[in-house]
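The structures considered in this document are given below.
In what comes next, chain A is part of two complexes: it sits with chain B in the first one and with chain C in the second one.
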Partner chain A sequence: MSEETKHNNQPENTEESNKFPKEHLQKRTVYSPDGEKIEIDPLQDYYLQDRPERRDPRYRVVEKFLNWARSESLWILGFGTGCGSIELPPLTTPRFDAFRFGIAMRPTPRQSNVFIISGYMSIKTLKRAIRSYEQMPDPKYVVALGSCTINGGMYFDSYNTINRLDKYMPVDVYIAGCMPRPEALIAGFNKLKQRIKEGRAEGANEYVQRFDEYKANQKQIIKDWNMPDYNW
Partner chain B sequence: MKEILERINQQFNCSAHEHQPENLSWVQLDKKQLVPLLSYLKHTENFSHFVLLTAVDWIENNEFQLNYLLTNHELHQDIAIRVMIPRDEPEMITAHHLWQQIATYQREINEMYGINFPNSPRVNESFLLEGWEGIPPMRREFDTKKYSEETFFPRPRQEGKDPQTHMKQKLYPDEE
Partner chain C sequence: MENIAAKLLWTFLGLLIVLNWGMLKTSIVRKIVARVGGRYGIRWYQPWINLIKLYGTRGQLSHGVMFYLGPVFRIAGGVGLFLFMPLIFGDPRWSNFAFAGDLILLLYFKFFGMLGMALGAGEGGHPYSAIGVSRGLSQYTTVEIPFTLGIIALAVQYDTLSLTEMVAAQQGGIANWTIVTNPIASAALLFSMLGIFMHAPFDLVKAPNEIPIGPPTEYHGSYLGVLRTNAAIMHITEAVLFMNLLFGGANNWIELIIKTFLIYFITVFIGVVFPRFRIEQSVRFFLGVPLILGILAIILIM
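Let's look at the complex of A and B:
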């Protein structure tokens, strides 16, 4: 193609990007350092093949204690959408000091258990958000911030932003306002803690139970679904 | 600036004129003359900065308007070039060889208005709206409210307390 594409870091066509030698993509047997024989198929995704499963509390007796422990360490995924992502950084400053509630920011979904959807959600962002949400380990909680996540807010008639978040992922706590202040966020976190302690924050299990419904809703608006169905 | 405009008018047979605010001038042109004018402004008159490319949908006149905005940083002068193209065949000559960033604007306009720019790099790949189907959303015949209601599960309106009186009663119950 023309000269522009040369400045682009991404290779233009697939021929260029497939730089792996062909034999690297074929099924083969390898040996681990301790002599174990491993069959691998590089084109197969080993972790994403199965539907998620419901996880019931295993230790019923200590579940209350575990819930208390969970409620005291809420680790937020640093994923900002909409205007609300501006309200999140002040939380960690001395003025609001979210650390005293056991709230910390984490950079990756694998290390966090609270997902704050901080405002309007375009279809493009929703796609990424679903991926991130599914990659978070159980138990996980969703806090929806601002009126945009409740009913669309002032983007109710936009062609590109969703109206109701709870159609696409289970929401534990809504915080109303446009935009809620950090105090409101902390109040929301207290509410979330209360729910967790009471054992009512079962979003991950609900997602599993109504998986087909959620997936159908998601696929209805995400037209180019080019990611795996299961993202665990 | 006046001399520049006169030179443009002579060369391209159009009516460039100054406009408010002071340092902005307008030229309206035929679509075939656009690329020669852009390259003339860039190379001869030192309008080195390409600021933006936008489109306007004049559905009443059955036309699209494309605006190209250039700046000359030595004279502190802007010049806006306006090109009208018919809505029935929305196609425009690409100008990405003069400024690379035009390719990105053209990609965006192609997606949002459905105006085609043949030979512009990656112009047909999806960009902002991933996998959009149907009428491009910035065209005026596209009814965004209807689309949103059909697609995004609008939450039914709840009959409830009037927020103003409710908060007043809650916070200042003694006041009238």
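Let's look at the complex of A and C:
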């Protein structure tokens, strides 16, 4: 079964299909300590609604230098989605020691510039992955780890995982294998460094450029879409 | 030093040296910790690359005015601490804006940055920031008590509140250093130093594994760059403070660099050996032996 037909069989994204109403996301009225009446619409008030903007590199020479710095300082947000994530922690151990190459793990999306999707991505996780991706400040890069992110791998016909990651976010480097060894990961990072230095890793801008397309793909998969279209 | 412009220029130069030495110290310390774990560790110039990358981040957003001001307050605290810190003894070019009562002002500046950061991190709205801030402030409050008691003991001993005069009184060999002449107050100050540098075992504020890096959770791009710049300045300046208080100050830059490194290395050494304390354990720790030592120092000096 191809991915298209698989997802067309699922119910439309409507109010009825949303079986789990989120009370904290409903509109409500609260009273301040002074008795003032305040209308709250969480989706409007708690999140930013702005569309993302393109941020193009401005000065060639400066950008070349900055790209060099970016490529030599890769801060990873590891999103341990699949079995492949077990290959990430060894990077920090004495055997592989990725710190030598300027690679470090960061615990928060705000401070990282490389997003690693490590394996199959279930539909539920996709939503969290998108939110994390959008929270990262650009320029940001995505590394997809394992065959599952390329074509579904051995979960190609699963009812609950996506098959191609780059339909939902722009991917810079794929690392094939099931599962890839840490050496393969380091090789992938070197590829990413090369790409950044050449100025070809503009995934964040591509995401903005084809925003509607990506959103349509995401909404096709995520049924209970209870967040704004762009959340940072 | 009549000319204020020349004075400012020297101070700025000193700031640059301290900043770069702070960055180099960061990578040396990271390398030492890595070697202890059997790794090679980061490249020695990695902190500069990280800083360039952070300042070059394109997309940045703000959560409000206080969010902006948090790092600004923090670096104002760091640079303020630096401005009033005499660096090299007997050289008016490198004594910055030290004056008769600078010790009190320094105590104030140490807390200033933390409070600003607390407000800024609070506006970030992330629960981890709030946890980090509350941990940081409660730990720092207990660190301050032995620290202040030790400083008061020294102020009574040397009968001055000026760091320059304290350093002057310690000249003439190791036998005159405070660590020899007043070991009890020195012990209280050294204990509180562990808490001030917030290296392990007192690094619960930023606890990298359980509350992702605490107060700066929401800070990114040049906000984080400012915080990192400040950390480099602050660590060296604080080490200089302890050098001036306990280890006889420095007569030239080489001496300053060696002494500050060794002072900071005390905390690294302890951090590599001991695991992390929980917050109530570290609060209890600082209210135990260090506090008793601080009170003892005051009683003995009377």
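Everything that follows uses one rule, which is that the second predicted complex is superposed on the first by the 185 of 232 C-alpha atoms of A that agree within 3 Å, B and C clash if a C-alpha of one lies under 4 Å from a C-alpha of the other, contacts with A are read in each partner's own complex, and residues count from 1 in each chain.
FYI, a residue touches a chain if its C-beta (ideal position, glycine included) is under 8 Å from a C-beta of that chain, and two chains touch if they have at least 3 such contacts.
Quick caveat: nothing in here was measured; it's all calculated off a predicted structure.
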item: Partner chain in contact with A:S132 - chain B first, chain C second, else both or neither; value: neither
item: Contacts of A:Q209 with chain B and chain C, given as first, second, both or neither; value: neither
item: First, second, both or neither for A:S85, with chain B first and chain C second; value: neither
item: First, second, both or neither for A:K124, with chain B first and chain C second; value: first
item: Intersection of the chain A residues that touch chain B with those that touch chain C; value: none
item: Residues on chain A engaged by chain B in the complex (per definition of touch); value: 1-2, 4-5, 7, 12, 123-124, 127, 150-152, 156-164, 167, 217, 220-224
item: Chain C contact footprint on chain A (complex, rising order); value: 48, 55, 65-66, 69-70, 72-73, 93-94, 97, 99-100, 102, 104, 106-108, 110-111, 113, 137-139, 204, 232
item: Sites on chain C touched by chain A in the complex; value: 30, 34, 37-43, 46, 49-50, 52-53, 56-61, 208-209, 212-213, 216-221, 224
item: Parts of chain B lying in touch with chain A, wherever the complex brings them together; value: 96-97, 100, 103, 119, 121-122, 126, 128-133, 137, 142, 144-145, 147-149, 151-155
